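Presented sequentially are two complexes of chain A, the first with chain B as partner and the second with chain C.
Our next item is the complex of A and B:
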């Protein structure tokens, strides 16, 4: 088992190992994961902004925890994520629930955790953001994406984070989403101004 | 269930696919709609991978339209043709190991009673004849002996249909199938009578060829299971693929089986359940 296993964009092949099995540990409070290494929360926020702004075709995949206003505060968090996607200039494809769809989902308008690769291939997505997806479904979808596509995955998790995402934040709340939006806007201004 | 789970976050309302929007705007959740209103509301199942003419598909459409409270229903399924449908239906469902469905449902119902003591949560087992009468018979019978407050629905296509066509305990004696070339050599199991003797307070045998009647049976079974005791509904669902009839003949075949006396719709109800049913049906008038 390697302690230096890097969680990189694939395709890693059929049945890639779970990053946890390869020694990648979940971040502690205030930390985040970037490609399998523990970094500070702030460093990860900047990495996410850089990845999103340098992507050719970034997409956000909001899950049921955000799409449905099932408890107080969700609608505000959803609005903040939409503002973030708009700030990046990213597309948004929803994951309204986890039902498998046969004969096939419509990959142009939705993503399914059981076949996330179909949506990524169809839309030629090079960087994606999972947000508001229940952890167990996010884990399997992130692994499938790493196994079969070259898409770079980012997970904004309200719980403990995801080892199988290339970048994973933990304890993401409204304030953290707004902080990320502010960083994105700031970097965009720097890019527009030709500065660093 | 809080109905808020059906409320779209305004920020993403514009990207929610049409199927979900229709379920929110015109679905059966929290509404008094049933088989008579089919075609006027968004059904819980949009697509399914079952064979053309499948009797199960017809029965499941009626079943889903008959649920008294789909938002507070959990379907427990088992291996078989019906398990291809439930993961796609817009109702909570659990797929159990082959034959374990009534044990899973028992535990689930007990947990829900503890978690939501003031709310009726309907736990309904929907499984094929193989899962109910053969592989899971032990678990099915013991859930009835224990008087669990669950509904068991058997979709009886008289075969193991999606594994190539083996005979099941529910196949008629003499039945020849792809994987039973010598013909079955013992009679069909009398599950309704077993259910009655094992403690089910309501037992019904129906067919999708009589949708309103089947709806009534399903509703009765679910409502009685809430407080009175276990209930059982056996639905005859012929399989055109294994029984080699044309896929537009399913309903006629059902009618023919009944006319020939091969299939007999029937109901058993205990005195206690009848009393409860009289009150329930009086209230709903």
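Our next item is the complex of A and C:
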């Protein structure tokens, strides 16, 4: 077992291992994962902003936990993610549920955790953000994406995070999403002004 | 009226009272403090008494629902349904009951259900036996569940209570089997230290589960976890494979909490000894006595008690056995599944001695372990 397994953009080939089995551990409170290494939450926020702003075709994949106003506070978080995507200039394709879609989903408007490659290939997505997806299904999809595409994956997780994403935050709440949006806006201003 | 306290308070801080109880009664006392929503029973020797006693505390108001299923397969299916519905469930079985329900254990893991099940192990037919034997643990090694092996009634009480917060973490969320050697643990009385009866674990939070709660009527959970079995194509295969990898990853993620709650996946006495005895369950108690006698004879012997079988303490055992000249693995079964596990992870595995093995209902004499120690030194 390697202690230095890196979670990098693929394609890694059929059946890349679960990063947890390769020794990658989930971040503790205040930490985040970048490509299999533990970093501070703040460092990860900046890396996410850099990745999103340098992407050719970034997309957000909001899942059921964000798409339905099933408890107090969800609608506000959904709006904050919409604001973040707008700040980045990213597209949004929902993951409305987890059922395998047969005979074929419409990859222009939907993503599914069991065959996420179809949506990524069809839309030529180079950086994607999972948010509001139940952890089990996010991990299934993140491994398949790493195995079969070159897409760079980011997970904004409200729980403990995802080893199988290239960048993963944990305990993401409304304030954290708004903080990321503010960092994105700040970096955009710097880029527009020619500063660092 | 019980007060909800943190797991840490219940396990480590609350004062404990010493009681003289059987392993089956230890199950009752653990479940009494575990804030269980539903318990489903079916009798099988030597487990029957434990779920009978759990029924008693249902009558006393400690559990919200309790009933008897049609058979073990039905019980484990009903338990799965309850867990998918978002409640904390408990059941117990053993021996032939375990085998009768077998398909469901992998189903629990695959469906990411944090069910806690006590297995009171016994021999498996045929010929018919009800005697102690751990062979069913061999069959369960690759079902995906976390497996904890209790040495005595105290372990059984502690591991069962601790199994709930271990299983229910979002990143883990797979079943935990707590194993105790039938009769030796279930039917003998020991001193067991228990927490006050007026405190209990926090309730299970189904809304932090890594899969949707199975509620077909309400958003956002009006969705099935459809199986892939009806489809034969690359997409189905890849999704199914990734799914299975994720279940294995979930068990890996349990290592920190098992370590924290149980004080490590194993514990060691005299780690630098020339001869190490590595075992689990009640064989640890016998091995401990054998080690004491061997030390009196001048042997440099150590003891490793494995508490967690899945995930297996691979790195810990590699480090411990690196300098040992011999490793003795006593077991209560004929196949020697623990010796096989240890042999599979260390490079110089010809030093692993899979003996003594006791099965068919016999006890394990201390002398049988001493004989192996003397043979190593000869």
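Just so we're on the same page, the second predicted complex is superposed on the first by the 196 of 196 C-alpha atoms of A that agree within 3 Å, B and C clash if a C-alpha of one lies under 4 Å from a C-alpha of the other, contacts with A are read in each partner's own complex, and residues count from 1 in each chain.
Just so we're on the same page, a residue touches a chain if its C-beta (ideal position, glycine included) is under 8 Å from a C-beta of that chain, and two chains touch if they have at least 3 such contacts.
Computed from a predicted structure; not experimentally measured.
Participant: Quick one: classify A:70 as touching chain B (first), chain C (second), both or neither.
Facilitator: Both partners, chain B and chain C.
Participant: Given the touch rule stated above, what does A:62 touch, chain B (first), chain C (second), both, or neither?
Facilitator: A:62: touches chain B, not chain C.
Participant: One more residue to check, A:99. First (chain B), second (chain C), both or neither?
Facilitator: both
Participant: Using the touch criterion from the header, give the chain among chain B and chain C with more contacted residues in chain A.
Facilitator: With both complexes superposed on chain A, more residues of chain A are touched by C.
Participant: So, does A:82 touch the first partner chain B, the second partner chain C, both, or neither?
Facilitator: Only chain B; A:82 stays clear of chain C.
Participant: In the superposed arrangement, which partner chain does A:136 touch: chain B (first), chain C (second), both, or neither?
Facilitator: In the superposition, A:136 touches chain C alone.
Participant: Is A:181 touching anything from chain B or chain C once the two structures are fitted on A? First, second, both or neither.
Facilitator: Neither partner.
Participant: Answer with first, second, both or neither: which of chain B and chain C does A:20 touch in the superposed model?
Facilitator: In the superposed model, A:20 contacts chain C only, not chain B.
Participant: Quick check on the output: what are the common chain A residues between the chain B footprint and the chain C footprint?
Facilitator: On chain A, the residues that contact chain B in one structure and chain C in the other are 67-68, 70-71, 97, 99-100, 102.
Participant: Could you please specify the touching residues of chain B with respect to chain A in the complex?
Facilitator: For this pair, the touching residues of chain B are 2, 4-12, 15-17, 20, 47-49, 84, 87-90.
Participant: Considering only the defined contacts, which chain C positions touch chain A in the complex?
Facilitator: By the definition above, chain C touches chain A via 112, 169-171, 173, 207-212, 218-221, 223-226, 228, 231, 235-236, 238-239, 241-243, 245-246, 248-250, 252-253, 256.
Participant: Of all residues in chain A, which touch chain B in the complex?
Facilitator: Those residues of chain A that touch chain B are 62, 66-71, 74-75, 78-79, 81-82, 92-94, 96-97, 99-103, 106, 109-110.
Participant: Mind pulling up the chain A residues that touch chain C in the complex?
Facilitator: Touching chain C: residues 14-15, 17-21, 25-26, 64-65, 67-68, 70-71, 97-100, 102, 113-115, 134-137, 139-141, 143-144, 147-148, 159-161, 163-164 of chain A.
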